[in-house]
Structure formats: structure tokens, C-alpha cells
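Some structures to go through are shown next.
The same chain A turns up in both complexes below, where it pairs with chain B and then with chain C.
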Partner chain A sequence: MKLPPGVSARDFDTAVQRFQSVVGPEWVFTNDEDVHLYRDAYTPFYGEEGEIIPSGGIGPNSVEQVQEIVKIANQYGIPLWPVSTGRNLGYGGAAPRMSGTMVLDMKRMNRVLEVNESLAYAIVEPGVSYFDLYRHLRSINSRLWIDSADPGWGSVMGNALEHGTGNTNHHDHFDSHCGMELVLANGELMRTGMGALPNSPSWATFRYGFGPYISAMFGQANFAIVTKMGMWLMPEPEAARNYLVAVPRKADLVPFIDTLCNLVNRGILNSTWQVASPLLSSQAPEIAELVRNGAPVEELERAGHAANLGYWGTRLRLYGPPEIIEAEWKYIQERLSAAVPGAMFTPGHSYEFPIDPETVEDPPDDLFARASISIPNLNIFSIGGASRSQGHIFFSPIIPMSGRELVKAQEVFGQAFKDLGMHPPNFIGGMAFFKRNLVVLFGLPVSKDPAANQKLRENFRALVKVAAANGWGEYRTATAFMDDIMNVFSFNNHALRRFHETIKDAVDPNGILAPGKSGIWPKRFRESRT
Partner chain B sequence: MRAIVVFALFAGTLVSVPAFAQSAEPDVKAGKAVFEKWCKPCHGDGRFRAGTDALRTKYKNEKPAVLEERTDLTAPLVKATVRGGAGLMAPFRKTEITDAELETLAAYLSRTTPR
Partner chain C sequence: MMNRRDFLRNSAAGAALIGVGGYVPGVTPVHAAPMHSSLDKAIYDERFRDSVAFAREAETLRIPTHAIRGDITDLWFKDLDLRWRRDRATVAGLTTECVMFCLEQLAWTHHMRVVYRAEHVFLPSGRVAHAFHGSERARAQAGAFDGNDSSGWAPRVAHVIASVAADPASRRGVTSVLPAPPRDDQDLLVSWVIASVS
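Presenting the complex of A and B:
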């Protein structure tokens, strides 16, 4: 356990006693064994001096308790790191940014407060996971769908606040939220949008309210603690179909991406897709060998052609009445065929609804299949299961949804990996997590070996700089690198960061809310910036 | 006189609580529910189950990869793994799985282990 910087052991003990009187002694965790549970399981500092160790955890069960905790924290200067379900693996887990911070663990606040079937929304507390919301909707026989993040234990609210994404037409989770309740740093309660108008029936339907739309500033931020959120849900469609599209040549990537982008901008493609190489996932030994040996492009194209795989491919998911899906699919094929000669189209699995979720099997080639029809799961971890991975951190730069830009990113990152002595990834693809953008996602393995982790950190920081030199920044990052990322958003002598910190000092003068989150440090701890 | 009776009742309560707690077996059925909620998505039988895949790699064919089929799990091992994590699996906090729930989970997963 580490005390918060600048807080005496006596003040800390007094604050802990007062926290105990608010939430009950069993929900304040300060012994080493319990504090261990709030370390980042995927930390790139495992066992090193630099690893972030919290001073404890507090598990409130109500908004009123959060308000009381915040007031006490102000009095004794105890920094708090709010987490909702506290998973966020690969981006820092439940651990804070600064050692000695206490984790405000809101997992127990797990109530679904309202479901409106006709307006298709739910209002949830922080601890409601995708599993929880899914089970709740089923228990009330709702015909609304959730859009789960890859791991179903993630928080509906927390994932949206971290700008996380899923698979269906509601995959941009922050974009699907509407209305927040917040505990401010002085313990006061505030509601945004229509929530500011007492008894408004539109809190979770009209997000702008009146005046500035300030909800946006509470995502990836430390200006207040979000305690309720409205989330728009998708009515269960009549059908969900998915289709595999592949293009034969390496150079087809540019028209392929640009046409997909156009389909997104037209509102034809509304779900998440990612472009990757089918050669990479091929089980055929001869193809795996070519890939492993870095065979010349022509050879790979020939092998892809012979196996009917293509060189680049994607899976597209369409939702709605079958006749509309078929019309959309026909249009998509026409557009892609015109743009990329030789484009190949294969129907994948399809579902008609309603469906008994117990009967839905995972198809062998699609670990997102169940999540894409609203059934939460933890399939994503199977990527590292058999190899007994120790975890990873994500390097996730965002680039415009442009074929040329992706080709440039392939060249830039391919070279950067080589320069850093890392194994250059084959076939760097792009993920359409957000409209008009691609995320070029790299999962970099963490280890329990300090030397390997040190190299990983150096490489990560180098990659951030290489990306920034090309105008690319990360959409989200592990706590360890928040300062590095914010540091490259430096236009006009860091005007944005300075603005963030002007707000921070105004709304949280004692600097108790999540010091260092997204590189935003309160005046009191500003020298902690790395 | 009344004060003595009250004291006697109170003392009786004090004695009976630990006696009851010691004799009560953790609820195996409740443990199954904890397993299904928290463990099964990775440790169930089927495709893309990270925990099952990892244990298959670890134990080859020496032990079942599916946790519920194991007959050698002990309660202390289950508890240490849930709180300590293993490989890709991050530890579970007490706000997720309480100590009382963990007792039932440990009882469930060790139910077929010879004592």
C-alpha cells in the first residue's frame, strides 16, 4: 500500500475510518492483499518501482455514498480514481494513474434504472456490465438489443466514457449515450442535457438539452464522477446477415477501403468492420509457411487466388428486414465490383429473430458472431488463450478511413517495427470502430520480466512519436502512457492540455478526481507529469 | 434478575453463531451460479473459451481442460487463483466476487475432489 502523495498517515487513517462509516467497513479495502486486486493485471511495470500501487479501494453502493466519499476526500486530500466495472484490460485495468490514489470502485452500483421499450433506451448505473444489462433485458422480455464491447463484463457506461466500441449499428458507444448524472468534485449532484430540467421525460432521448453540450467533456476525463447514463439500444431486427468480401491484389486495398468508406458515409454500412488479410488466418500449412517466411507479394497473391481467399478481406454485418438486407447487399456488391475487379463475395452465417440464444453456436471463423447479435461473451480473450498470454497493452492510433492513408500507415509502422527491432507485423489492417476513421490496432504483449517490459515501454513511446510525426494519435491508451499521448496533442504550445487543466483547477481545486487521467493533472500534482 | 437473563441470551447468541458458521457447509448450488456468471464464459466447454484453451495447453491431456470436469481442484487453489489471477486472467475484486461467494465457488469446483 502506498499513501497518497502529501497526505499524512494520520489523515489517511481518519479518512479511511470516515469512508468506512459511509459504506461499511467491509467495503473499504486497505490491506495489501485487497489492494493487490486494484493493480493493473496487464501492467507494463510489473514488480518495478514504477508500478502504480493504489492506497486502497472503496466500494460504494449508492450515489449518496459517492457524494459523501467525495466530500471526505476533499477534506483530507485523498485522490480518488473512479472505475465502473474496473476491467478495461489492456488500457490500465482498475489501477489509477498515480500511486497512492484510492480506487472508487462502483461495481456494486449495478442497477438498471429504467428501460423504455418504445423509445429504445436504458438508464444504467456504472457497475452494470453488458452481461448484467443483457440478463435484465431478457428477464423483462424486452426486444431491445445491447451492443456489447468485446468483453461482456465491461461496463455499459464505463466503456462509453472510454470511447469504446462494439459490433452492431450502435457500435460507437459514446455516440449512443444520452444524458448523464454526475457527482462533482465538491460532492454536488448535476445532470446534463434534459436531465437538468426536473422531471423531464427526455433525459435519455434529447442529449443536447439547452446551452453547451457538455456531456462530451466527461469522457476520458477527470472533471466529475459519472453515476448514471442513458444508453440508446437497438430494437431487435428481423434478421442479421454477414458476408465475406475479399479482393485479390495487395494494391486493391486503396479502392477497397475507399469504397467501404463511401458505403459508410451513405449510411449503407452501419456496423463495425475490419480489413485484414485472409491469408493470415488461413489454416492451410502451405499458406501459413508463405506468410511466416514473408514471401514476395506476387507469390502471396497467387496463393490467395488459388485458395479463393484473396489478399485483403472483410466481414460485413447487415441488420434489418431480409428484403432490405438483400437490396443493400446487392448494392454493396455492385459498388465493390465496380471499384475492385475480381472482388469476391461469400455469404456467411445468418440469423432470423427472435432466436433462442442458447441455440447459438460460435461459428469457427467468427469469434464476434454472438456479440454481433447482442449476446455478450468473453470470446475475445481466446486470442491469447491457447498461447497462455500474460496480457497485452494496446497501441491504437487512429487514421482517416482512406486507402492511401492505410497504405502509408503500413509503410510507416512496418519500418518503425523494424527500426525498433520488433517483429514487423504482416498485413497491417484497419478497424472501422468509428465513422470516417480506421483504428490501426496493435496488441503488444506484456510480461513479468522487467527487462522485456522496459523494452516494451521504450518501443511504445517510440511508436507514439512515429505516429505523431505523421499526424496520427491514439484514440485511447493504457494509463502508463497517458502523458505520452496527451503530449503529442500539442498544437499551439499545448493549448488543449492547458485548457483541460484550466477547467480541472476550476472544477476540482483540491485535485481529488483521478489525477493524471488522460494527461490532465490538477495543480497539486502537476509535477507528477512524465 | 432481568439483566442476567438478557446477558445469558446474549452469551448464548455469541456461542451459537460461530458454532453455526462452522457447521454450515458452503452452498454448492450457489457456487454453481457464481461459476456460471463469472467463470463459464472463459472456462466453459466450446469454441473461443480462453480459460479452457489455456488449460488445454498447460495440461495437454493429463487433466481435463474444462474446469467443471476436474476432480483435483481444492478450495484453497480455487480461492488463490480467483484472487491472484493466472496468465491472461486478471484477479477478481471483492466487489465482483465477495469472499462469501468465493467460498461457495470453491466448494462447487472442489465438490468431486476426494478429501
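Presenting the complex of A and C:
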């Protein structure tokens, strides 16, 4: 445990007693064993001086308790780090950005407050996980779907606020939110959008309200604590089908991506997809050897042709009435065949709804099958067998959804990996998490070896700079690198960061809410910025 | 504020249970009375023969077992998530590290913690190295795990975790036993006990 910077032991103890009087002694955690679970399970600073150690945790179970906690925190200068379920693995987990921060753990605030079947939304508290919402919807015989992140233990609200994504047509989670209730840094309660109009039935239907669209500024931010949020839900479709598409040649990537982008922009492709290389990831011994030995592209393509493996491929998921899916699929095949001669199409799995979830398993070639039809699960943790699990951090730069841009990213990052002495991946693909964009996602393993982690941190920071030099910024990052990411958004002498800080100083003058989140530091801790 | 020390002082779990059918290092309790199990269930992964062997031995100790194949979704969603809301049943297992990690995270909300864990690392030589994290009592159990023993260790784990589950004093403290930690690239299974701490 570490004390909050600038807070005396006596003031901290007094604040802890005050917190206990609000939530009960059993829900305030300051002993080392309990605080341990608020450390980042995937920290790249394991056991080092730089590892972020919270001062403790507080578990409120109501908005009123959150308000009281915030008032006490203001009085004693205790910084708070709000978490929903605290499972932001790969991006910092439940750990704060600054040692000595107290984690405000809202897991116990886990009520589904409202489900509106016809308008297709739910209003949830922070601690509602995908499992919780799924269970609730089934218990009321709702025909609405969640869109679960992987794994499904995360918070519906928390994942959305972090700009997380899923699989279905509602995969952009922040884009699916509508209306918030927040506790401000002074303990006041505020609602955004139409929620600011008392008794409005449009709080969770009309996103903008009147005037500035304020909700957007609370994603990945530290301007307030979100305590309720509306989420739009997808009505259960009649069917879900997925299809494998592959293209034979390396050079097909450009027309492949550009056509998929056009299909997204036309509203034909609405779920998430990712481009990978069936050929370069093949485990067939003869192909794996060619890849290992750096065989020329032509030789690889011949091997792929012989094995019926595309150089690039993706799985597309379509939802709706079967006749509409079939029409969309016919159109997709026509467009892709015209753009990429030799494109290969293979039907994947097909589901008709309603379906008994007990009958659904993840087939070996589709780990996201259940999540793609709204069944949350933890199967992602079964990857890797008995190998030691140290975790990973994600390096996740955004590029436009352009074939040429992806080719450029492959060249740039491929060279960067070599220059940094990192083991390059067999291929670099792209993930269509957001419309008009691809995320070029790398999972970089962490370990418990300080030397290896130091090298990892150096490499990560170098990659951030390489990306920025090409105009690519990260859409999300681990707490350890938030300053590094914010630093590259430097237009006009870091005008954006200065704007963030102006807002921060105005709405949180005592700097108690999540200091350092997304590189936004309150005035009293601004020298902590790296 | 309740902490683990308070819990151990106030716990009604009987240390005397250790003496009843308890596992003595190096001695197989052939005629010992069936152990009273404080465990709700022991989790094992069907993909790993040692984990299966652990489960078979646990069953001889009358500990209910639950099989997974790496994925704990059903175990969590249909069983523990609901069970732990009602009462904080102790569970244990010999599984992959990921499984223990997942359950540790999920248990936290219910004031439950991993109170005991051990790593069983498969060395290239064929040996299995064991690293126990626990109290002196747990370390005494560790003496039974000979580094030259590449088989037969897994059933002994069932006795160890049963003893730990039954004896709160075994859970006190976290002390690493073996020297250098295994390399990142070595496979391992972990044994663990998750129990209530409040």
C-alpha cells in the first residue's frame, strides 16, 4: 500500500474511517493482500519501483455512497480511481495511473435499472457485467441481445467508456451508449442529454439532448464518475450466418480491404471483422517451414494455392432475416469477386433464433462464435493451454480503413519490429472495430522479469513514436503509457491536452478524480506526467 | 474492518480435522477414515492427465469434482456465480494458471480469495518442480513432493488442498519455497484453494 501523494498518514487514516462509515468497514480495503488485487495483473512494471500501487479500495453500493465518498475525498485530498468491474486487462486492469490513488470499485453497483423492449435499450449501473445483463435479459424473457466483449466478465458500462468493442452490429460499444448520470467532483449529481430534463422518456433514446453533446467527453476521461448509463441493444435477429472469405495473393490486400470498407460504408457489413492470413498462420508443417525460412511471396502463394489457403482472409458475420442475409451475401460475393479475381467464399456457421444457448459451442476455428450471437463467455482464457500466463499489453494504433494504409502499416511496423529486436509476427492484419478505421492490434507479452519488462516498455514507447511519425495514434492504452500516447497528440503545442487540463481544473479543482487518466493531470499532480 | 487475521482468529473451521485421515508426507493413508471435506468441489481440466489424476484422488476423499476443458464459462455462469451469492463455498483445483486467475478475479466480489496456491512446473528433463506459496504447514506438505518424482505427485495434491481447505491455519502467510522461478516458456499447472475471508 502507498499513501496518496501529499496526504499525511493521519489524514489518510481519518479519511479511511470516514469512508468506512459510509460503506461499512468490510468494504474498505487497505491491507496489502486485498490491495494486491487492485494491482494491474498484466503490469509491465512487475516488482519494480515504477509499479503502480494503490492506497486501497472502496466498494460503494449506491450513487448516494459515491457522492459521500467524493465529498470526503475532496476534504482530505484523496485521489480516487473509479472502476466498474476492474477487468480492463491489457489496458491496466483495475490499477490507477498514480500510486497512492484509492480505487473506487463500483462492482457492487450491479443493478440493471431498466430494460425497454420496444425501444431496445437498457439502463445499467457500473458493476453490471455482460454476464449479469445477459442473465437479466433471459430472466425477463427479453428478445434483446447484449454485445459482449471478450471475455464476458467485463462491465457493460466500463467497456463502453473505454471505447471497447464486441462482435455484432452493436460492436462499437461507446457508439451504443445513450444518456449518462454522473457524480461530479464536488459530489453533485448530473444527467446528460435528455436526462437533464426531468422525467424525460428520451433519456436513453435521444443521444444529443440540447446544446453541447457532453456525454462524449466522459469516455476515457476523468471529469466525473459515471453511475448510470443507457445502452442501445440489438433486437434478436431471425438468423446469424458467418462466411469465410479469402483472397489468394499478397497483393490482393488493397482491393480486398477497399471493397470491405465500401461495404461497411454502404451499411451492408455492420458487424466487426478482422483481416488475417490463413496462409501465414497455417500450422501445416511444410507451409510453416516456408514461412519460417522467409520464402519468397510467389512460393508462398503457390503453397497456399495447393493447400486452398488464402493469403488474406476474414470471417464476415451477417444478421437478420435469412432472405436478407442471403441477398447481402450474394451482393458481397459479387463485389469481392469483381474486385479480387479468385476470391474464395466458404459458408461458416449458421444459427436460427431463438436458440437454446446450451446447444452452442465455440467451434475450433471460431473462438468468438458464442459472443457473436450474444452469449458471453470466458473461453478466450483457454487459449495457450498450460503455458505460463503472464499477460500482455495491447499496442493498438488506428489507421484509416484503406488497403494502401494497411500495406504501409505492415511495412512500417514490420521494419520497426526488426529494428527494435522484437520477434515480428508472421503477418500484420487489421481489425474493423470502428467504421472507416482499422485497428492494427499487437498483443505484447509481459513477464515477471524486470529486464524483459524494461525492454518491453522501451519498445512500446518506440512503437508509439513510429506510429505517430506516420500519423497513427492509439485508440486506447494501458495506464503505464497514457502520457506517452497523449504526448503525440501534439498539434499546435499540445492544444488538445491543454484544453483537457483547462476543463479538468475547472470541474475537479482538487484533482481527486483519476489523476493521469488518458494523460489528463490535475494541477496539483501535473509534475507527475512523464 | 475485517482482515484475514481476524478471520483466522474467529474461524470455526477445526484444526483437528488435519489429524483425521490427514495426509502424512510419504505415507499413503490406506486405512485412514474418509476425510471430511470442507471443499464444495475440486476443479480439474480433462485435457491434462495429471489434473485428471488429481480429480480421481479427490473423489476418493469424497470431494466432489467438476471437469472443464479450459473454459470455465459454464462453471462460473451456471454454478459459482449463483452459488457464491448464496454462500461462500470453498473451491479448489489443479488447473492452468489462467483458470485460477479467472476464478481469483471473479471470487473477489464475493469476499473470497486464493488462500493457497502451488505451481507444478514441467521441466524439460521430465521432472516436475513444485513451488508452494503458503505457511509452514503448507511447506511441510511440500516436503512430500520430491523433485525426482515425475508421476504420482498429482494425487498427493488432492490431499494437500483438502488439508488446506479444512485447516485455516494452513492458509496463513505467503512464502515461496523453491528457489529460482521457472522460465516463462515452461508449462505448468497450478493447485489452489479459493475460500472466504470474511
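Everything that follows uses one rule, which is that the second predicted complex is superposed on the first by the 521 of 530 C-alpha atoms of A that agree within 3 Å, B and C clash if a C-alpha of one lies under 4 Å from a C-alpha of the other, contacts with A are read in each partner's own complex, and residues count from 1 in each chain.
Rule of thumb we're sticking to: contacts are C-beta pairs under 8 Å (C-beta built on N, C-alpha and C of every residue); 3 or more make two chains touch, one makes a residue touch a chain.
Not measured: the values here are computed from a predicted model.
A.B. asks: Is the arrangement of chain B and chain C around the shared chain A a clash or a fit after superposition?
C.D. replies: clash
A.B. asks: Once the structures are superposed on A, label A:R108 by its partner contacts, choosing first (chain B), second (chain C), both or neither.
C.D. replies: both
A.B. asks: Considering only the touch criterion stated at the top, classify A:A41 as touching first (chain B), second (chain C), both, or neither.
C.D. replies: both
A.B. asks: Regarding the shared-chain residue A:S447, is it in contact with chain B (first), chain C (second), both, or neither?
C.D. replies: After superposing on A, A:S447 lies in contact with chain C but is clear of chain B.
A.B. asks: Let me test your reading of the model: by the given contact rule, A:P364 touches which partner, first (chain B), second (chain C), both or neither?
C.D. replies: first
A.B. asks: Have a look at where A:D508 lands relative to chain B and chain C in the superposition and call it first, second, both or neither.
C.D. replies: A:D508: touches no partner chain.
A.B. asks: Between chain B (first) and chain C (second), which, if any, makes contact with A:G385: first, second, both or neither?
C.D. replies: Touch partners of A:G385: chain B and chain C.
A.B. asks: Which of the two partners, first being chain B and second being chain C, lies in contact with A:N31: first, second, both, or neither?
C.D. replies: Only chain C; A:N31 stays clear of chain B.
A.B. asks: In the overlaid three-chain picture, which partner chain does A:E405 touch, first (chain B) or second (chain C), both, or neither?
C.D. replies: Neither partner.
A.B. asks: Output check: A:E328 vs chain B and chain C. Expected answer is one of first, second, both, neither. What do you get?
C.D. replies: neither
A.B. asks: Would you mind listing the overlap between the chain B footprint and the chain C footprint on chain A?
C.D. replies: Looking at chain A, the two contact sets intersect at 33-34, 37, 41, 87, 107-108, 131, 152-153, 362, 377-379, 381-382, 384-390.
A.B. asks: Within their complex, state which residues of chain A touch chain C.
C.D. replies: 20, 25-26, 28, 30-31, 33-34, 37, 41, 87, 107-108, 131, 135, 151-153, 362, 376-379, 381-382, 384-390, 445, 447-449
A.B. asks: Enumerate the contact residues on chain C facing chain A in the complex.
C.D. replies: Within the complex, chain C touches chain A at residues 1-4, 47-48, 69-73, 76-77, 81, 96-99, 101-102, 104-106, 108-109, 111, 113, 122, 181-182, 184-189, 198.
A.B. asks: Please give the residue numbers of chain B that touch chain A in the complex, ascending.
C.D. replies: Residues in contact with chain A: 37, 41-42, 46-54, 56-58, 83, 85, 87-96.
A.B. asks: Which positions of chain A touch chain B when the two form their complex?
C.D. replies: Within the complex, chain A touches chain B at residues 27, 29, 33-34, 36-38, 41-42, 57, 59, 85-87, 89, 93-94, 105, 107-108, 127, 131, 152-153, 361-362, 364, 367, 377-379, 381-391.
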